[in-house]
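Down below is the structure, laid out as structure tokens.
Order as written gives the chain letters A, B, C, D and E; numbering starts at 1 within each chain.
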Amino acid sequence: MEAYVNHYVIVTIFLTLGILLPIAALTVGRLLRPNRPTEEKQTTYESGNEPVGTAEIRFNARYYLYALMFVIFDVETVFLYPWAVAYDWLGLFALIEMLIFVALLVVGLIYAWKKKVFQWNSI
Amino acid sequence: MEQMLGSYLTLGAILFCIGLYGALSKKNAVIVLLSIELMLNAVNINFVAFAKYGPNANLSGQIFSLFNMTIAAAEAAVGLAILILLYRNKGTTDVVDMNMMKK
Amino acid sequence: MNEMLQESLTWTNAGIFFMFATILLFVVLGFVTYAIYFERKVIGWMQLRIGPNRVGPLGLLQSVADVLKLLIKEDTIPHKADRTLFILAPVISFVPSFLVLATIPYTDSIHFAELNVGLLYYVAISGITTIGIMMGGWASNNKYALLGGMRSAAQMISYEIPLVMSVVGVILLSGSLNLTTIVEGQSGGLWNWNFLPQIIGFVVFIIAAVAELNRTPFDLPEAESELVAGYHVEYSGFRFAFFMLGEYVYVYAIAALTTVLFLGGWHAPFEFLSFIPGILWFLLKFSMVVFSLFWIRATMPRIRVDHLMGLGWKVLLPVALANIFLTAILIELLN
Amino acid sequence: MDNLPLLSWITLSPLLGILILLFIPKDKGKWIKTIGMAAAFLPLLFTLILWTSYAPEQAGFQYEEKRTWIEVPLNREAVPQIFIEGEMANVSSFAYEFDYHLAVDGLSLPLVFLTALVSFMAAFAAMYIKKRWKSFYILFLLLQVGMFGVFLAKDLFLFFIFFEMAIIPTFFLIGIWGFMDREKAANKFLIYNGVGSAILLIAILLLVNTAGFSVETLPKTGDEPLQAEMVYHADMSVIASNLTNPDAYVNQDPESLSQNPFYMSESMKWTLFLLLLIGFGIKLPIFPFHTWMLKVHTEAPFAVVMIHSGILLKMGAYGLMRFGYGFFPEQAQDAAMVIAILGVINILYGALLAMVQKELRLVLAYSSISHMGIVLLGLAAMNAAGYEGAVLQLISHGLISALLFLIVGSFYQRTQTTELSQLGGMAKSAPFMSGLLLLAGLASLGLPGLSGFVGELLAFIGLFGEMRVLAIIAALGIVLAAVYVLRAIMAITYGPTSSATEGMKDARFAEALPMIILAGMIILIGIYPYWLIHVMEPAIQTMLSGIGG
Amino acid sequence: MRLQASDLTYLGPELTLIIAAVLISLIDLLMPGRMSRKWLGWLTLGALFVSGIFTVMSILSLGGNEPKEAIILLGQSYRIDDFAHLFKLLFLSGTVLIVLMSMGSIRQEGIRHEGEYYYLYLPAVLGAFVMASSGDLITLFVGLELLSITSYILVAMKKSDKRSNEAAFKYVVMGGIASAFILYGMSFLYGMTGSTSLAELSVHLQKLDESFHAMIYLSFFLMLAGFGVKIAAAPFHAWSPDVYQGAPTPVTAFLAVISKGAAFAMLFRIVYNAYLGVGYRGVEEPMISDDLFLSLLILAAVAMIVGNTMALRQHNSKRLMAYSGIANAGYLLVPLAVQFQGLHYSGVSELIYYLVAYGLMNIGMLAVIMLMSQSVGHGELRGFSGLYYRAPWTAVATLVLILSLAGLPITAGFFGKLYILLGALHTKTYWLAVIMIVTSVISYFYYFGIARQMFMRSNSERQDVARNGYLQTVIWFCAAATVLLGLFPQWIIGWISDIFQLSFDFFTNR
């Protein structure tokens, strides 16, 4: 039990360090760097042109499709990992079950493929 | 460890209520969907807490929460897809504007 | 440290853990500094250039100078940017990169947290970086940055799937998610290392890893010629540095993970070489992987964006899935 | 003759007409009318056959037809075994059983006859219908089936179905072929009757669930353990016998029998009686529930009003007698005073309002309410004379109001109005119809020698023996009846000829025939009521025996 | 514990559906784009049919077992019993009608993904199967979500129609919230007992001491709220009118009949397996389960009252059907809410019979509505005006369906209500019986409103009624079956009681 807690203490320490470093570095930077903001410096960079409109626009729906595909297949691994870990116990029966499961997902993949989800049209 | 269970359940309940509140009162449809996810995750906390500290602790709670995650993902996927469709056709994700029927 | 992990937690112990972690942090920072230098050198030599050679002997202090320059550079935040998110983004993209290092074992005695779910932990935490990158792209309120951020996110999530799937074969072989156990499963020589039985998985893993790192040939998100600089176009000074830092820490992490998962970790390739300490073997393999990553960068041209996505979904994913079942069936047959 | 399913023939023969009508194109108006009338005649024919072969002196039901119709099995796991007469028996089946059970007795027979006659006459009167004959006759014939079924069904479930079957076609008949405000009238009709039948349904189901329960042991075969069948019946005879039998489950206190779910407490009986009273009372109609019927009388086509006023209202009275009084005589006895008061209210209220109406149809509607009050009085008397009076009043009112509406319909045909102020001087242009109208009016006010008199007289005699004061007050209604009837008839037949009645033609033969027949029946009953009383005597004696008085 | 190859025969119905769904979707993908998709509809029908055959075979093979016993697969998580079989047959036949409706509406409803429109019903029905058949909370929930998620997509099938999108989104949100509630309730159920298997659950629940009683209530009410949404019972009904109106009409029928039926099957299993007789507090005190059943009764009453009164104000025919569905959810709750006691053990057959009746009349009525809106171009009630003149036969069939909905003889709807009423009176739940009857009378107003439009109004819409073989088949089948089942209810009920025995099929655990 102690070991269990200790390991996560270490993870927490890493997390703390990970957060501390940027804070420290940026604080140090703030002390060292000059700070003379002007209007020009703070405009959005658009290859030297005056910026047009904002960038908070609708993106291409294609990105969502990727996100959806990602969600589906990433969740698949939720089942694949435990199965893989316990594979030696589970044996053939679970293999076939998992095959069925993955086959169904592959059907989904084919569906997306055929519906041209993976066809990237610019942007 | 008994107290642990209580705190987890309280956390779950608080999250669930926040989620419910968000789902019922928020205007932005995306936040509504997020709130639903929050509710489902609150339930997962419950399951995992019971699986660890419950009066009859065993693994099935964790298994249940695995299934929940999957299902929540699928639901979110479908929900988002529908939301995109709606946004394309109506140009808004404001829940208040969803009153086409009922007139 | 190993013994301390078994004891119950005290403030002293925690302090010692903290110290070790800090040491690692500095090691990593040192690695990053010299990895950048090394990369520039390697690429330079490969392209028949000299590479950095002005600052310090052989240009060894070049990266240090770069860091200092970034440190004292004025930091601007555009007016139109979403200030909170803008500041938060580099932190969010950096923190997970360091956090994943907590679970990597260097030898059977030198390691930090030994989590039962180590691999899962790595996969889960590393996914957070995407959010930081997206956040940066969005918060800048700049079209290039947004496009870069979106592309980056799309690419990272697309390649995360094959990455995650390709290691399932390894898990099947070792029956554990604990990285130490995985390494121990590979003891007994070169032919026991996972990259041989898992050659398909290994290849998929490397390709996906390179893409995850946003490195050439998959560096679309920061393609200078197309998107100016991608999601961090509006960043400067140390905020920009943290994006860079995150990327190079991931190089470290991926190289270490590859070593652990596929290259037998601290094990010697042959029995008779096992007198050499494990840490050296580890470092050797680790350096090889890092070198290969730079090598790839030097040799490969950038891939086209539509090919990039197609490759991930249409090739790597099916191959990774096939690999899983091939492995499973082979295990079933051999037992 | 006894083995012929005569009652089914009576009830279902109109369906034959429907079947034929379905195949006739709807533009062949003449054919449709002929077939419709012929189909409406069939039951009358069978009823006449029935009457001739009916054994009037015999008490109880005749011509029984019983077939199991719906047998809904219930889960037997609740009670696998039952204790019967000191022996354990296996329950072999447990079910709801609803039968197709028709039978006729002295109470039903006159009403069936009335139905057959009046509906045939109404089919004649339906000539005036101007549109959509086909659907009219189909609905009309369906309605006929429902009415016969109500008077003949001996199974409560079947009764209810026929009861509803009479409501729905009427709804459409009013709503499609009625006058200006027809939809409202149809709706009002539907809702009131819907509520009525809903109340009825509760009562019926409660009865089925308690008094309908019976256990029947099967004959024992060999060494097999005893087999028993537990059945919930909806059959009238089963329910009635269970209610009267002190050994039946219904009457056994839960104290004596552990957890007896069938026990019917005194308050339960009262509830059921009241439910039946209200359910049928809406149909009858009893005073506060009467408004729907006024609307129907003014808006429905005349053929439908003939049926409605002539027969449908009688269904309520019939049901009340058969079920309310039949099942719960003690409660009826106790409630006699209330019912009598309700009757008096009906009589006086109807009569008073009839006096002030300006529309002929409303006069008749209120007079119907008044006459139904007399039926209630007869029922409240709870003796032979009262019952006979009530039934006779039903029959005679059925005939009279059918005749009245037939004539009024003919008038309307010629004048397009039934406003009293616009009619007048009919006696000149249409002496025949005016004469018959007068006859019907006189019958309605109870002139001796005509049918109305007999019923009223018997009902009053019955009540006079029991509740003298009420009888005297009610008699006032008779006087009022004379006033409103004569006022209305005078206004139509005499006085200056109005523009509407100018140059009006008298009845054609086809119109006159049903009028003559109806008038003939009125006179026949008035002169020689014995032929009806003689038929219903045994049935009424049976009913009275239930009261124990 | 593990699945044997021989057990696969029992899973025939489910396997057929899933294989067919995969195959048909692949066929749809690989088929050239220009080819007619209509025969995918026929394939779907074929799959449903085959699944039906397997179900019947399974019933027959169960009947052969002496003594009768349910087949329990996969570690008690899946039960093959006649309770499930009956529901499965109901779902299959309902879906056949609905697919026929879909085939008759594809062009008019403006649906571009024709293949999906057919074969998505298959996984949805599979979800319903799993709900009816599972003996474990996890499986129950997975089935529920399979059904829900597929129906979210089906509701959104009219891609370019804003109403459809909006309805789908509302459905997703309400469905998601409902799922969360159900899950939350399940989590407490699991927490108290440490088991997700319904059979073990009930054993544990009976043994719990006083301190858990509050949690029993909590778990039940949370689940009830969730299921209230799924069955669209007031006060959890807010979504249903909008969703019913916005969805393509066949999908509306699917939601109204199959979804609801499956939720009832699931509710039945949970309530009776887990909560019956739970929470004994002493001889004089009422048991907790009595309170729980009382709450079900109240829910039923509220649903009837709200559904029927709100329906009075509707002008749109599909919204009307939605409110009628809410009221019917109330009626359907009655056999569930009336506990098994005394001589009353017929809750299951009451529920199933009324579901059959409800399915027939609802599907039929929605087919009529679809036919009408195809002819006049809108779904308002006035579209029905003068239908009798335009299409007398359709009008007559509609009248039959209306009578059934209103609960007038001689129709299946009448007998169904009567049967439920008998059950309620049996257990002396008089107040509920009265509410049921009174609300039925209220319903005459709006049901006969349609009849008035059809028969008594003149023909304000001049259009002819569209000819549509599929829809007309559905309408006539439903009308005919409604009358037949009203005349001879024992055909169904007798058959149910022949094959189904509560204690063996529903309560046993191997």
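Going forward, contacts are C-beta pairs under 8 Å (C-beta built on N, C-alpha and C of every residue); 3 or more make two chains touch, one makes a residue touch a chain.
Keep in mind that what you see is a predicted model, and the values were worked out from it rather than measured.
Q: Any chains in contact with both chain B and chain C?
A: Common neighbours, chain B/chain C: A.
Q: What chains do chain D and chain E have as common neighbours?
A: In this structure, no chain contacts chain E and also chain D.
Q: If you average the CA coordinates per chain, which chain's centre is most distant from that of chain B?
A: Following the centroid criterion, the farthest chain would be D.
Q: Compute per-chain Cα centres, compare each with the mean of all protein Cα atoms, and return the closest chain.
A: Of all chains shown, the one whose C-alpha centre lies nearest the global C-alpha mean is E.
Q: Where centres are the averaged C-alpha coordinates, which chain has the largest centre distance to chain C?
A: D
Q: Based on C-beta pairs in contact, work out which chain pair has the most and send it over.
A: Per-pair contact counts point to A-C as the maximum.
Q: Let me have the rounded angstrom distance from the C-alpha centre of chain C over to the C-alpha centre of chain E, please.
A: Chain centroid spacing, chain C to chain E, equals 52 Å.
Q: Round to the nearest whole Å and give the separation of the Cα centres of chain B and chain E.
A: About 25 Å, centre to centre.
Q: I'd like to verify one number: the distance from the centre of chain C to the centre of chain D, where each centre is the average of its C-alpha atoms, in whole angstrom.
A: About 93 Å separates the centre of chain C from that of chain D.
Q: So how far apart, in whole Å, are chain A and chain B when each is placed at the average of its C-alpha atoms?
A: 20
Q: Chain C: which residues touch two or more other chains?
A: Residues: none.
Q: Can you list every residue of chain D that touches 2 or more other chains, as numbers and ranges?
A: Within chain D, no residue contacts more than one other chain.
Q: What are all the chain pairs that meet the touch criterion?
A: A-B, A-C, A-E, B-E, D-E
Q: Considering the complex alone, what residue numbers of chain B touch chain A?
A: Those in contact with chain A are residues 66, 69-70, 73-74, 76-77, 80-81, 84, 88.
Q: Along chain C, where are the residues that touch chain A in the complex?
A: 4-9, 13-14, 17-18, 21-22, 25, 71-81, 90-91, 94-99, 101-103, 112-115, 119-121, 123, 138, 140-147, 150, 153-154, 157-158, 160-161, 164-165, 168, 171-172, 175-177, 228, 233-234, 237-239, 241-242, 305-306, 308-310, 313-314, 317-318, 321, 324-325, 328-329, 331-332
Q: If we count contacts the way the header does, which residues on chain E are in touch with chain B in the complex?
A: Checking each residue of chain E against chain B gives 137-138, 141-142, 145, 148-149, 152-153, 156, 159-163, 165-170, 172-173, 175-177, 179-180, 183-184, 186-188, 190-196, 204, 241-242, 245-246, 316, 319.
Q: In the complex, go through chain A and note every residue touching chain C.
A: Contacts found on chain A: 2-3, 5-11, 13-15, 17-19, 21-22, 25-26, 28-30, 32-37, 41-47, 51, 54-57, 59, 63, 66-67, 69-70, 73-74, 77, 80-81, 84-88, 91-92, 95, 98-99, 102, 106, 109, 112-113, 118-121, 123.
Q: So in the complex, the part of chain E that touches chain A is made up of which residues?
A: Per the stated touch rule, the residues are 2-3, 22, 25-26, 29-30.
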